[in-house]
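Each of the next two complexes has chain A plus one other chain: chain B in the first, chain C in the second.
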Partner chain A sequence: MFRQASGLLARSFLSSSRSWVRPFSTDLPAAPTADSSFAEAWKKVVPNIEPPKTPIAFVNPRPPTPSSIPSKLTVNFVLPYASELSTKEVDMVIIPATTGQMGVLPGHVATIAELKPGVLSVHEGNEVTKYFISSGFAFIHANSYADVVAIEAVPIDQIDPSLVQKGLAEFTQKLSSASTDLEKAEAQIGVYVHSALNSALTG
Partner chain B sequence: MAMAAVRREGRRLAPLISPQSITAVRPSVISQEQAPLGLRSISTQIVRNRMKSVKNIQKITKAMKMVAASKLRAIQVRAENSRGLWQPFTALLGDTPSVDVKKNVIVTISSDKGLCGGINSTSVKISKALKKLTAGPDKETKYVVLGEKAKAQLIRDSKKDIELSITELQKNPLNYTQVSVLADDILKNVEYDALRIVFNKFQSVVSFLPTVATVLSPEAVEKEAESGGKLGELDSYEIEGGETKSEVLQNLGEFQFSCVLFNAVLENACSEQGARMSAMDSSSRNAGDMLDRLTLTYNRTRQASITTELIEIISGASALEG
Partner chain C sequence: MASNAAAPFWRSAGMTYITYSNICANLVRNCLKEPYKTEALTREKVHFSVSKWTEGKPEKPTIRSDTPED
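On to the complex of A and B.
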């Protein structure tokens, strides 16, 4: 009987979850601006099953474009296994775009930038934090929000210079002895990343 | 009672009654409550065997619940950390589940192992409903199936619509490299205008929400951007890097797919462990209830046979006296 009661509780929780989503540590309550046309189209075709949720119900809402340039840039730096920085207010970030190092200040024009392996530096007041990132993407929105999505990132001080030199030598040697196109491409990528690491440590 | 009377008569009529007839009557009496002398141990034996097996089941399901709980704890941390990964893409490109395109590909994520409640059936139900929703003249919808359970269910009626099926995803702990290779495989082999990823989002240990995440191909993105609406602002973004805008958009689309897929796979794995935990919990509670009922039956059977034995002895003794 107790089990049935807990089952009823769970079911009533689920049915009311549309109007009241239990706050979870990383999610905000469901925004009512969920895509209503999808839900309506769903109900017409499949009336007995509840429509599934869509990601828009789980995003943290963002402020609209302000009329004046804000003083700080809000940065979200995410990796697959962690959110390094989430909504951190900084003065400037320098991102390693494929076209070169790009400085981003508050009020930067909206941009989609592809990133190459290089150094990302975050400037907050007087302190500068540098990360070496593998490639990824950076989106700069008109409301001075910057999203940097990368696959791997390490703080510069955790990189071992001797290992970098060793890797660079190894991949240069592989590049010269590569026979197939695939091997050549792999070795080239290795050389590229290691020389970027090298310049990150020295520069 | 009848059997006891027969046996009492049997002592006087032993030379007349053949042994086979007595043994023939025995099996029919086993199921009755009032088992006479000699048959008591057989019927309680049966109940005792059932009790032993139910107790073992209870232990096994309790252990499975503990295992699922510990696996859930480990993977929940990683799923929560990966939640930030898809948010930048939704912030940039919005979410367009009601987009109208010609080629839809539904990526259904499910588990390989069973005993996890109803989450796989829910995913398959939603996938089939999505197929109905996106069907129409001149449109086609295909499936890409991840996981054994959805494959088994979908292969029954939509065998020709399954483009690709991948199993044994969780043999090694999930990591981004594996998922990106998988995403690359899917993107290379499947033609699509819109990819819809169906998975169970982990909200809490008792609640899993079926969710659909939509990823558009670069051409579909261009089309939607031109027609205005949510993606209309996309043109206002400057493109840095790459030679052409379409190349960057293509890389963006592929990157978005692998990020969203990574988060979806982790969330589904979390939901699987949570559902298994609650399924095993209710199963062990069920087994406990069954054990209680069997214990009562066992005791009743035992006491009834003792009573019968006493009655026989006493009536035999009183018969001798009087």
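On to the complex of A and C.
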């Protein structure tokens, strides 16, 4: 019985920042906590014993879309080796999605965005914190929670401009001399990342 | 949803997302100032050994390691 309790505690940490990805998540209210069809089928066969709990009973329900838009956006920004921001309440984040810079405000529609190498800026009151992200994903949930995951994220002032210029020149040269598709793709990635770093430094 | 939306250039060149993402991360790490760069390079280190199994027996493993062998 205590094992179940620790399972519940562990799940509540996980589910507060990561909810189930379901289709049409804007249509559904909070997710169900008990498996009703299983319980009914069980009762038909074994009426005297309580139906066992299925995994869905241990999962925290997806938080429902609040009826009024919350005033702040809660951001979780994690990297594989550290958690940069953990449930930080901010006014807005601008994420570098592959479709362009996307501004996320409280009450944003639930979205999953793939990120391209670029600048993530976190706006809180008057202060703006900028990070350069190598690539990753951003999950925006209906209840104004945003999870951003990236492999590398550095504050802009940790980037060395001379190394960026050197890398850009090197990869532009590699791109022109590349032969196989794979080499071309690698060189293109190099050019792209370095020019994004460049514009992050200047912009 | 468009079926098979235009694949990104790395996908059509045969690269997976993980490879692409790791390459991006390595490039960013190489452009950092000291001392952040040395910290970051330790994160890049990989150490694993892979061995294929045939007929219930493992073959000779290939070891990929960035830590120097002592």
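Quick note on the criterion: the second predicted complex is superposed on the first by the 139 of 203 C-alpha atoms of A that agree within 3 Å, B and C clash if a C-alpha of one lies under 4 Å from a C-alpha of the other, contacts with A are read in each partner's own complex, and residues count from 1 in each chain.
Everything below uses one rule, namely that a residue touches a chain if its C-beta (ideal position, glycine included) is under 8 Å from a C-beta of that chain, and two chains touch if they have at least 3 such contacts.
These numbers come from a predicted model, not from an experiment.
Asker: On the superposed three-chain arrangement, identify whether chain B or chain C touches more chain A residues.
Answerer: On the superposition, B touches more of the residues of chain A.
Asker: State whether A:E127 touches chain B only (first), chain C only (second), both chains, or neither.
Answerer: So A:E127 meets neither chain B nor chain C here.
Asker: Where does A:Y81 make contact in the superposed view: on chain B (first), on chain C (second), on both, or on neither?
Answerer: both
Asker: Per the contact definition in the header, classify A:I151: touching chain B only (first), chain C only (second), both, or neither.
Answerer: both
Asker: In the overlay, answer first, second, both or neither for which of chain B and chain C A:H194 touches.
Answerer: After superposition on chain A, A:H194 lies in contact with chain C alone.
Asker: Touching A:P52, do we find chain B (first), chain C (second), both, or neither?
Answerer: The first partner, chain B, only.
Asker: Return the residues of chain A at which the contacts from chain B and from chain C coincide.
Answerer: Residues 81, 98, 136, 151, which sit in both footprints.
Asker: Could you list, by residue number, the parts of chain B that touch chain A in their complex?
Answerer: On the chain B side, the touching residues are 78, 80-92, 94-98, 125-126, 129, 132-133, 176, 198, 201, 203-204, 206-207, 209-214, 233, 236-242, 248, 251-252, 255, 259-260, 262, 282, 285.
Asker: Would you pull the chain A residues touching chain C in the complex into a rising list?
Answerer: Contacts found on chain A: 81, 98, 117, 132, 134-136, 151-152, 154, 158-160, 163-164, 167, 181-182, 184-186, 188-190, 193-194, 197.
Asker: Give every residue of chain A touching chain B within the complex, in rising order.
Answerer: Against chain B, the touching part of chain A is residues 3, 10, 13-14, 17, 21-22, 24-27, 35, 37-38, 41-42, 45-46, 49, 52-56, 58-60, 62, 76, 78-83, 86, 97-99, 102, 109-116, 136-137, 139, 141-142, 145, 147, 149, 151.
Asker: Contact residues on chain C for chain A in the complex?
Answerer: Per the touch definition, chain C meets chain A at residues 8-10, 12-15, 20-25, 27-33, 36-37, 40, 43.
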